Every structure is written in C-alpha cells, then in structure tokens.
Amino acid sequence: MTMVDVSGKRDVLRAAVAKGRIQLKPATIHLIKEQKIAKGDVFSLSRVAGILSAKKTSDIIPLCHPLPLSAVDVSLRIVDESHIEVNAEVKALAKTGVEMEALVAVSTALLTIWDMTKQYEKDPEGQYPTTLIDGIQVTRKVKRE
Amino acid sequence: MTMVDVSGKRDVLRAAVAKGRIQLKPATIHLIKEQKIAKGDVFSLSRVAGILSAKKTSDIIPLCHPLPLSAVDVSLRIVDESHIEVNAEVKALAKTGVEMEALVAVSTALLTIWDMTKQYEKDPEGQYPTTLIDGIQVTRKVKRE
Amino acid sequence: MTMVDVSGKRDVLRAAVAKGRIQLKPATIHLIKEQKIAKGDVFSLSRVAGILSAKKTSDIIPLCHPLPLSAVDVSLRIVDESHIEVNAEVKALAKTGVEMEALVAVSTALLTIWDMTKQYEKDPEGQYPTTLIDGIQVTRKVKRE
Amino acid sequence: MTMVDVSGKRDVLRAAVAKGRIQLKPATIHLIKEQKIAKGDVFSLSRVAGILSAKKTSDIIPLCHPLPLSAVDVSLRIVDESHIEVNAEVKALAKTGVEMEALVAVSTALLTIWDMTKQYEKDPEGQYPTTLIDGIQVTRKVKRE
Amino acid sequence: MTMVDVSGKRDVLRAAVAKGRIQLKPATIHLIKEQKIAKGDVFSLSRVAGILSAKKTSDIIPLCHPLPLSAVDVSLRIVDESHIEVNAEVKALAKTGVEMEALVAVSTALLTIWDMTKQYEKDPEGQYPTTLIDGIQVTRKVKRE
Amino acid sequence: MTMVDVSGKRDVLRAAVAKGRIQLKPATIHLIKEQKIAKGDVFSLSRVAGILSAKKTSDIIPLCHPLPLSAVDVSLRIVDESHIEVNAEVKALAKTGVEMEALVAVSTALLTIWDMTKQYEKDPEGQYPTTLIDGIQVTRKVKRE
C-alpha cells in the first residue's frame, strides 16, 4: 500500500465535476421547498458541508494527496417530487486529479440532507423505508495544460 | 438552524446498520479478487477508512452530536462480477441514534474503493464510464432500553 | 502546564451563553439585509461555522476537555446600521463548564461574517478601516444540579 | 454560496497582521506577570494555540481556501493593568490574502488566555463580570508582487 | 479488522502512565537549559503538543475508541547531558484503557522536541547522527473499580 | 516561539527516510506472521495509519509548516523473533525538509502495532512488561536542487 509518488508530475489546472442524488418522501421534498424543515435551510447547510468536506479529502480518503483547492462549488436542485440532485465542481492547480474531492463533496452534501430530514423520513418504528442515496458518479474530468 | 437539544434524553444503547455498493468494471473486480491492485489491499484500506470516518461524523455532518462510539464494524463483499457491497454497523450508548455514523462509514469505504481502483476504471479520456456508487441506505436501527 | 484533572467531578447539566459583535460598513449591512452578498447567505453560513467550531473546541483551545455537547445554538441579529451581534448557547452533561465552547462558537461566527463580507469592507488599498470585532463576553453560565 | 474560484490568480507573497485584546482583572494580570497561573505559562500556550489555529483556518472558516503558510508569528504584551494585546502576522505565497489566518490566530490566542485565567476571573456565582475580548482588527495587509 | 465492541463494558476510572526519551547532543541540551533555543521554550511547547495529541488519539490510531479524557499531564526532565525524558499521565472514566492516549502524548512531545532542536542537531550534510527517540513504554496502567 | 519564516526559500524536491522499531513477545510476532491477530491485518493497518498521520504533521507538531506531500510510503518488516521495524519515506516539493513527516509516520505506525497487539502483550495485571518502542531516527535526508 502506498500513496502514489507524484513528485515528478507537473502542476496543471485540474477540474472535476461529480453528482449524486437522494430519494426522499414527497412530503419531505415539499417541506424543503416551503423552507419548513425544523433543522434549518437544507440547501445552505448541505452546500457548506460539501465544501468543507472537499477540503478534508486527504484526511478522509487514506491515499489521497493533500491538494491546494482553488475552487469548490456545490449546488442542489429538486429534480422531481422525490429526488434532490447534488452537483459539485472542484478545481486545483495540482499534480493529481480532483475527482475524489468532488465525490467527497457530493457524498457529504447528500448525507447532510439525510441528517436534516431524518425526523420526516423515519417510519413509526424508526426505520427509513424511502430514504436512499444513489447515482454518485464523476460527470466530467478536465486537465488544462 | 440548530443542533437539536438532546440534553433531556437518556443514554441508551443504540445501533444502526447501513449499506451501499459500488459498480466497477469486471476486470477491476477480478484484480481485487486476485489482490493485484497496485495501491494495496482494497478491503483492508476501505474498512479502516470507514471506521476512521465514523469517528469524524460530527465534524463532517454539521448538525450531528459528538457521540462516544462503542463499536464500529465495516465489512465488504463482492456481490457479483461488477459490484462490491459495503456494510457498516455502529453502536453507542448515547442520547441520539447512530445511523449517520453508519452512513458516513459506508460512504467513505465506497469512496476509498473508488480511489484505489481509479487507474483501472478510467477510460483513455480519463473519464469514468462505469464507476457508480448507489444503494446507500439504512438497513436497521435499534434502540435497546 | 496541565489539563486540569476533573476525574472526581460529577456530570451535571451545564449551559453557557456568550455573545460578541462585528462592526461593518452600513453599505455592507444593507447588502446582508438584501441577501445580496456574493459569497452567499451570511446568516446561515456563520451559524453553521459557529456550531461546527463549538464541537472542535478541545482541539483549538489546548487545555479544554473534550465534552459531549448536547446542544449548540448560534443566532445572529442586525443591531443597528453598522453592527451584527452573534449569540451562542451551548449545553452538555459534563464535568466542566461549556463557556469556552460558547465563546469559540461566537468568535468563529463573527470571523465567518468577516470572511464573507471582505470584498465590500476593503478600501482601495486592500485595508479594513471599518471592520472590527468586539464585545466578546460570557453572558450567563448555568449549572443545573 | 461558493468558495471563490481563484484558479486564475497568480501566487504572490502575501502578509497580514491582525490584533485584538482581552480585558482581565488587575489581579489576574498580576498573576500572569508573576508566572503564577496554575494552568501554566499563559504567553507560551496562547502563542502556540494561535499558531496551530492559523494552520486550521480553512477547516474553521467555511469558504477559506487551504493555503501553504510560510510564516506565522503570534506575540502578546501586557498593555496596562487590565489588558493584554495579541498580535499575529501570517505570510504565504498564495492566490488569496491571509488576513483570515491572522484573525483566527489572534482570536484563538485571546480565547486561550481566557481559558487559562478562568478560575481567577469568575465571581462567586461563576459569572465573568470583567472578562471581555475586543478590538479584533486587521492592522495591515501586504501583497508583494 | 474491527473496532472492538465495548458496548457491554462499564465506565470505570482508568489511568495510564507512559514514558520515553530523546537523545540530543550535549550542546543542544545545554541550549535548552539556558532557554536559548531559537524556536522557543522547548518544555512548554512539547507539553502542550503532547496534551493536544492525546485528545486526537482516536483520530490517529485507527481502532481506538473516542474517550472523554478527564486529565492529561505531560512532564519533561533532563536526565543527563544527552537525554530528555517525557512522562505522560492520562485519565478517563471510560470503557477501555487509556494507555494509547498516554503513548501518543509521549511520542508527540518527543517529536516536538526533535522539531524544535533540528537546527542544532543536523550535521553539515543535513543528517541527524545523534538524534534518537527510544524507551517508549507504558509504566503503569490502573483501573479503579 | 515562532513558526520559522520560510517565505524566502525556494521550493525544491525534498525527501526523508525515518525508521523505528517495536519489541513484542515472540508469541505475538508469531500471531502476526500467521495473520491471527483478532483486530485485523497489523501490517495493512499500521501502514495506512502512518500514511494518514504524515499528512496531519503540521496539525500535530506545532511549529511544522503545512506541506504538499507528493509521496508517502510506509513499510514494515519482522526483523527477528521479537522486533518489527517500520520505515517511512516522504517526499515533497517544498520550502522545508520532510523529516518530521517521516518521523510522525514511523511513530504512528509503531503505536498502531502496539494498539493492535495489546491483548497479547498485557500480563495478568494488565501491564506491558515486554512492549517497547525504540530506535526512532532519521536515516537519510535528501534535497534535490
């Protein structure tokens, strides 16, 4: 096991976009739209959680190199009555790609949505029959020489 | 926005199990089985990454309470020629549930698999046509009074 | 130097409230009211930064004990045309008080306001003639036996 | 909300100086001078807390970029019988300024002084009638092309 | 691999003492005694580094449980003209022992001494012919039922 | 006390190798060889703990600069029936050397071995008569202009 030696690579501008989505009950999506979630503004909080986590990537994913991120943008949109999609774009002038940073941002934003809507998603037994995160993937990776 | 006040709640033993899976190319799954991934042992590393991240949950998910986890177990299994499933179980004697900790462990383990298999999953343009994380859900939550 | 030995103390419910304020240009306060700050929603972001930092207190203040916070609440209000006040309340069932946690939350929320309004506060030479944080104090400490 | 995209900016040497002060009881200031604070050397500990926190800035202030700090210096001086002033200077070859890093260092050093002198500042009811942090500002920002 | 399940264990007061030492050049030890190390007070800084690291143990050692430390004390003494010994005592009301926390504190304090005396220990080729850390062990573990 | 100002230094490729060893009971070494340690694969886990800690160096050692590590490699080998040796190599294009990063990696890997073999090393009184970490030193430092 090793953190790959990238000492010989050049710093070039790298960008990566990742996305993913969470399935919630229509009633929960409705509450989010109406800004009535008791824990606060789901969109603001999930975006900031995603941004902060992107900066922690090399602490969370063991073999990732620490990178000087120059941009992190996380956006959310309600795609239909039971799904929210998260998109994250990360950039850095670095020796390795930033797709892991974008994926970490997406995952954390999705998990933050889950945490903020827990009380509306649980059934009487405290289980989550509807809540589901899926479709986490890298949409686009760019290396600008 | 607020971190819910749980001061009045009693400490009871809480457990949660979460799962999720990652889709990889059959050739990559084959390399994992043969222990030929250049970055090292995918199973060991993903499990430890999941365990470490569960302990960081209150630092990653903004409104989560810091909890004294008493057990974290992360397991992986190859379910078919193109999927690996991760399961995580977390326990704590605490005032709130531990499903977020289990979900963070699952997500981090899955992202670590992605990071370790990147070089085999990328196509000639550096994109990831196959790699996909989905099915992240809470399988079971238990509160033992 | 030592982290005080509190092994013999009992866990009792402790609460602390702290406050502080930041002076900004009236034009900046106006932009905040109109939700026109380019970096995003100042109130949401400062509150979440305050909450997250309260949980990091024992990592930031060297001799603080790690405490299982059961509640953190951070609120902001515009007090006049050039000042925003931040209040933070923290609770824990713990062996020591939580005033440092409340103070860390207030300071971090105030610094986050600074960071988000930098571009409007700087003069042509890049200096900050107006911006000023003051009045950071503990308003109330409670120990409920 | 977004972490500003600085990908197109050049790395130049940046420096920032910030300051702030804490008001304590004259009796507490006297104990500090006499090196009789039970928790240890207030000056050493506050300086190291300030330095360590400057390096954590991008983890504490959500939209700050991670920067490769090349110098952090924190100094304290007793300005009169009831005030201690903290000054912090930070430098980095970076795409953005380092004033937030200097401000975080100052705030953390001041909070550490508070933490170390708590037992002398509290009144019989456990409140802090005297202790107050104020005057936190950026003294000077420099960009050397 | 697993973080051992301690859910069924009782919280009892646990203490552990660890020690270790570092070998330096006599000239360096002399500078420390004279408080002439350019980087600052070696004893203060090493002690605070040890205390802070003890609180990070569950983040550094993958399978350690997060524990609510109730006391951490780190002390240093010059044992002869070329050795400094570090002792650390840690206590917690917890389900598992605290020897790892004491060992982490000792190791970090020793490494901080190294870092602060680097410039005096290096030979003209930049190598460290003398500097050596050894004797890291657990002196005593106590469980008070 | 100060974090040395390296603003004027040039970024050059720097590498450092450090080593250290742990003494265990022959019976414990035997169990490691047979892969029968209950907590999991000692070698994998110690290596990943070492790599992760190297990236945290500037957070653990107070006056260390944050460095963009380009390679971290940690290896373990059983040297005789009662000793395991850990070697760590770290590289970075940086303004200061990386020997502290290599030393932190070695120390953490050794402590992780201790943590994983605790149950086999303790005597009936819960003490560690055999376990000992020593020989931590910098083997080689290189600066490639």
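Labels A, B, C, D, E and F are assigned to the chains in the order they are written; within every chain, residues are numbered from 1.
By definition in this document, a residue touches a chain if its C-beta (ideal position, glycine included) is under 8 Å from a C-beta of that chain, and two chains touch if they have at least 3 such contacts.
As the structure is a prediction and not an experimental result, all values here were calculated from the model.
If you take subunit C and subunit E together, the chains in touch with both are B, D. Where touching is counted per the definition, the chains common to subunit B and subunit E are C, F.
Interface subunit A/subunit B: over half of the residue numbers present appear on both copies, so the contact uses mostly the same residues.
Inter-chain spacing, taken between the CA centroids of subunit A and subunit F, is 32 Å. Measuring from the averaged C-alpha position of subunit B to that of subunit D gives a distance of 37 Å.
With centres taken as mean Cα positions, subunit F sits 26 Å from subunit B.
Multi-chain contact residues of subunit E, defined as those touching 2 or more other chains: 1-2, 4, 40-41, 44-45, 47-49, 52, 56, 62-63, 66, 68. By the definition given earlier, chain contacts exist for A-B, A-C, A-D, A-F, B-C, B-E, B-F, C-D, C-E, D-E, D-F, E-F.
For subunit C in complex with subunit B, the touching residues are 13, 44, 47-48, 51-52, 55-56, 66, 68-74, 91-93. The touching residues of subunit C, when paired with subunit D in their complex, are 1-2, 4, 20, 39-41, 44-45, 48-49, 52-53, 56, 60-64, 97, 99-100, 103-104, 107-108, 110-112, 114-116, 118, 126-128, 131-138, 140-141, 143. For subunit A in complex with subunit F, the touching residues are 1-7, 9, 58-59, 62-63, 65-68, 95. Residues of subunit B touching subunit F in their complex: 40-41, 44-45, 47-49, 52.
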